[in-house]
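Paired with chain B in one complex and with chain C in the other, chain A is shared by the two complexes that follow.
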Partner chain A sequence: MADPSEKRKEVKKKIRKLEGLPTLPPIIQKLNALIEDERSSLTQIADLIEKDQVITTKVLRLANSAFYGFPRKVSTVQQAIMLLGINVLKILIMTSSIFEIISKEDVGLWEHSLGVAACSKILAEMKEVSDPQEIATAGLLHDLAKVVQMMAFKEDYEEVKRKVEAGVAPLQAELEVFGIDHAEMGAFLMQQWNLPERLIEMVYSHHDFSRSKKFRKESALLHLADLLVQARGYGERTYVGLPPFDPKALTILKVDPLEIKEIYLKLEPKLYELKFFTEELKREIT
Partner chain B sequence: MQRLPLSYIRPGMKTFEEVVDAQGRVLCGKGIELTEPMIQKFQELGVSYITVEGTPVKLPWEKTLEEELELLEKRFSGVKDEFLLHVKEVLKEVLMMKHTSGAKNG
Partner chain C sequence: MRSKKEKKEIFLFLPRKKPFTDWSKLLKRDFKLKPFYKSKDLLSSLLFSPPQAILYYFNRERTVFENLLQLKHNFNLVSLAIILVLEEEDLERLSDDRILSLIDDIILTSSTPLELKIRLSLCLHRLTRISDNNPLTGLPGNVSIELAIKKALESEVPLAIGYVDLDNFKTYNDIYGFSAGDAVIKNLARILQTTIFEKTANAFLGHIGGDDFVFIVPLSMAEEISKEVIQKFNALLPAFLIEEDLKRGCFIAKDRQGVLREIPLLSVSIALVPITKGKFRHPGELATRAAQVKSVVKKIPGSNYFMDRRA
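And now, the complex of A and B:
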């Protein structure tokens, strides 16, 4: 069997080179340039994005989904920028192809990610964490490394699945095969893509809260959101069980166990709506 | 009752709740039988969801309370942590609320 520490180096090297990964949409470079130019207007930015019909459709679809929960339909990129902010929109554009892969290849993972996005937003609003839309987007992204594993390390990914089916805990199986878990992998990829530091740390520590240093409240939030959605069983996974949970997250986030009911009562209607969203996507694919 | 996206609504379904548009304006009262022209109008006005009487649509992904509780037990099997057990009890409560009449989201 391969040495996990050697494998770990190989994985990081591949991610650093973005080998075997979905390429970033070509629009991103131009978009970055426009964003950095203080003179550019929202209209100019929206116009650039709208030139790419495929990206526009994907992004608007995400902007309209229940976890962001906008009361009115988002029909233009300009509206999406106003509601989500240009940074979140940029993240959606960059990761739109990843989400497409997830929704096609692993519906359970896709649903789980949507659920965590919705729960993250609810928690962010309840606990007054800044920019709930960005927080929701981190929820959507938190397991993105699984796509990296699926696409760039297919055989190893299958090996991990075999181990999990044989009863090995998923994180343990990943470490045995890859020498690195999907949380660290995801964070590393997000680093290559220059995504916000806050989101990177959230993803990095979503299974191991002790990893979070600077953005403790946000990391605690995602750690809890992931647990709550898994506990609810939204998004079928091979492994039937709960992820490790650090109760320190409750203290940092100032969540009282008595608030859990309120959280679930807010979450249920969102999960219900998101099911329709997923079904619609499935129909479009087939 | 059942809360459905507009694309699932068919003529003949009866409203269980008022139909509101995105701005919160009431478009239609409760207990009204929906017609094709009404559904068209709702679409134009950007209505997303309507709550109708009964459960006219069999949603393939919906589970019975028994099934949900069984899966819940599986997910929590072997769990001894106090907080996690509390989460389990809350989920039981929420699932039971959802499955008795009066639950808002089907």
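And now, the complex of A and C:
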């Protein structure tokens, strides 16, 4: 077996050189159609971009690029596309690459990310955490590194899957194969791409919010949202049971266990809506 | 010695054939070249890591060319030089004013590699001037200043950085108007330029903006230069003041509380910070020190310089 610390270095090196990530082909098709249609509003375009972690990252990365003299604090797609303008956005989407080979099952990752984004937003609104849209963005991006694994480390990614099937805990399997888990990997990539600090820290600590320093409440929130969506059985399931959960998150957020029901009641219609979107994606992939 | 990092990056979007292969061979020595053959890769790299210049073969994919112009226009990318590479017969098609307003130069495919290299270098120099220099004084602006300071921090020869600004410039502007204020700035720039470069060629002068300037000179000359600048400025000052103010020896203007009071005339303050190799690790440390020295010198009435003597 390869030395995980060596592998860790190799992974980081490869991420540093990463020019971009591919996304699902139907998402690009839909975006192109929307942008070409003169009747589309910026809000509609933003809504669609916010359904894809890859394009969202691209838009935020560009809007936070110091080269153009933008402020490095753009954390939502809405703000970003206002800064970039529709013409640049068109070029950005045009230059986006897509997965050449992708299976229906892979849409599960998008489903899960969308679910967590929706749940994070609901929690942020309930618990009055500032800027719920930014919190939703963190939810959307929390598993970004899995797209990296699918694209740049295909064989290792399969290896992780095999280990998980053989009973190894998913995070442990990642550490064994990559020497780095997907939370840290995603945060590292987001750092390379100059994304805002709050997003990076939330992603970094979403499985272990003791990693968080400045944004403890936000990190606890994402930790809980991830659990709730997995428990609901929405989207990709990496765990047979439930992912490890630190109940301190409930204390930090002041969530009463009885409130969980209320959260689910608010979340359910959102998930239903999103299901239409992701089912359409699946149909278009075959 | 020139390190690889300092080489300017040039994107090439040229067909894989002669004479372009010969061009690349020569350019490779002075520039970091990145050839592109797929338009998508080109545009994506342009977005996320723009180069200093791009050599674009005009006949290739016109929609891509449109996008390139769009990017330059939308982001106001003055510092990205677009050089069109064309065949002689394409010249006729280049009458569109919009295209001409966005590209920086053209070169014919019949040009020799050396001609191209010189054209490219000229173009880059021209752009640095236009995009960074202060429009009022023509002096290097913040990008060049930062580079000069970084270089100075590594210098083997002891240097001094001087931060120059005017006292009571805001009051002067309020009373005399902006164009008079601009004239003072322009002339302060002239005094600095001539005084510094008459003494040494090993110097840098930049205009941060407004009434703020920065110079870098050998430490041994810093005080002499400062004295001379102050002396010349004071000598020229009457030319910028009306009789009344000059006689009275102060301005009469409202202070921040809106009360009329006497405010001293224009004067120049120079904060000098000596730098020896390794004293400051990065420009931020220097900036903190400079701010401290500046606040000392600003407290002394009239034109003054102050040299930081701390280690």
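In this section, the second predicted complex is superposed on the first by the 192 of 286 C-alpha atoms of A that agree within 3 Å, B and C clash if a C-alpha of one lies under 4 Å from a C-alpha of the other, contacts with A are read in each partner's own complex, and residues count from 1 in each chain.
Keep in mind that, in the parts below, contacts are C-beta pairs under 8 Å (C-beta built on N, C-alpha and C of every residue); 3 or more make two chains touch, one makes a residue touch a chain.
Because the structure is a prediction, the values reported are computed rather than measured.
Peer 1: For A:95 in the superposed arrangement: first (chain B), second (chain C), both or neither?
Peer 2: A:95 contacts chain C only, not chain B.
Peer 1: Thinking of the overlay built on chain A, is A:233 touched by chain B (first), by chain C (second), by both, or by neither?
Peer 2: After superposition on chain A, A:233 lies in contact with chain B alone.
Peer 1: In the superposed arrangement, does A:242 touch chain B (first), chain C (second), both or neither?
Peer 2: After superposing on A, A:242 lies in contact with chain B but is clear of chain C.
Peer 1: Is A:265 touching anything from chain B or chain C once the two structures are fitted on A? First, second, both or neither.
Peer 2: first
Peer 1: In the overlay, answer first, second, both or neither for which of chain B and chain C A:87 touches.
Peer 2: Only chain C is touched by A:87; chain B is not.
Peer 1: In this superposition, which partner touches a larger number of chain A residues, chain B or chain C?
Peer 2: Here the partner covering more residues of chain A is B.
Peer 1: Between chain B and chain C, whom does A:62 touch in the aligned arrangement: first, second, both, or neither?
Peer 2: The second partner, chain C, only.
Peer 1: Could you look at A:33 and tell me whether it touches chain B, chain C, both or neither (first, second, both, neither)?
Peer 2: neither
Peer 1: Once the structures are superposed on A, label A:42 by its partner contacts, choosing first (chain B), second (chain C), both or neither.
Peer 2: neither
Peer 1: With touch defined as at the start, can you tell me which chain A residues reach chain B in the complex?
Peer 2: Result: residues 71-73, 227-228, 230-233, 240-242, 245, 247, 250, 257, 260-261, 264-265, 268-269, 272-273, 275-276, 279-280 of chain A touch chain B.
Peer 1: Can you tell me which positions in chain B touch chain A when the two form their complex?
Peer 2: Residue positions touching the partner: 3, 5, 7-8, 22-23, 46, 48-49, 59, 61, 68, 71-72, 74-77, 79, 81, 83-84, 86-88, 90-91, 93-94, 98, 104-106.
Peer 1: Given the complex with chain A, which residues does chain C contribute to the contact?
Peer 2: Answer in residue numbers: 40-41, 43-45, 47-50, 67, 70-71, 74-75, 77.
Peer 1: Write out the stretch or stretches of chain A touching chain C in their complex.
Peer 2: 19-20, 61-62, 65, 67-68, 84-85, 87-88, 91-92, 94-97
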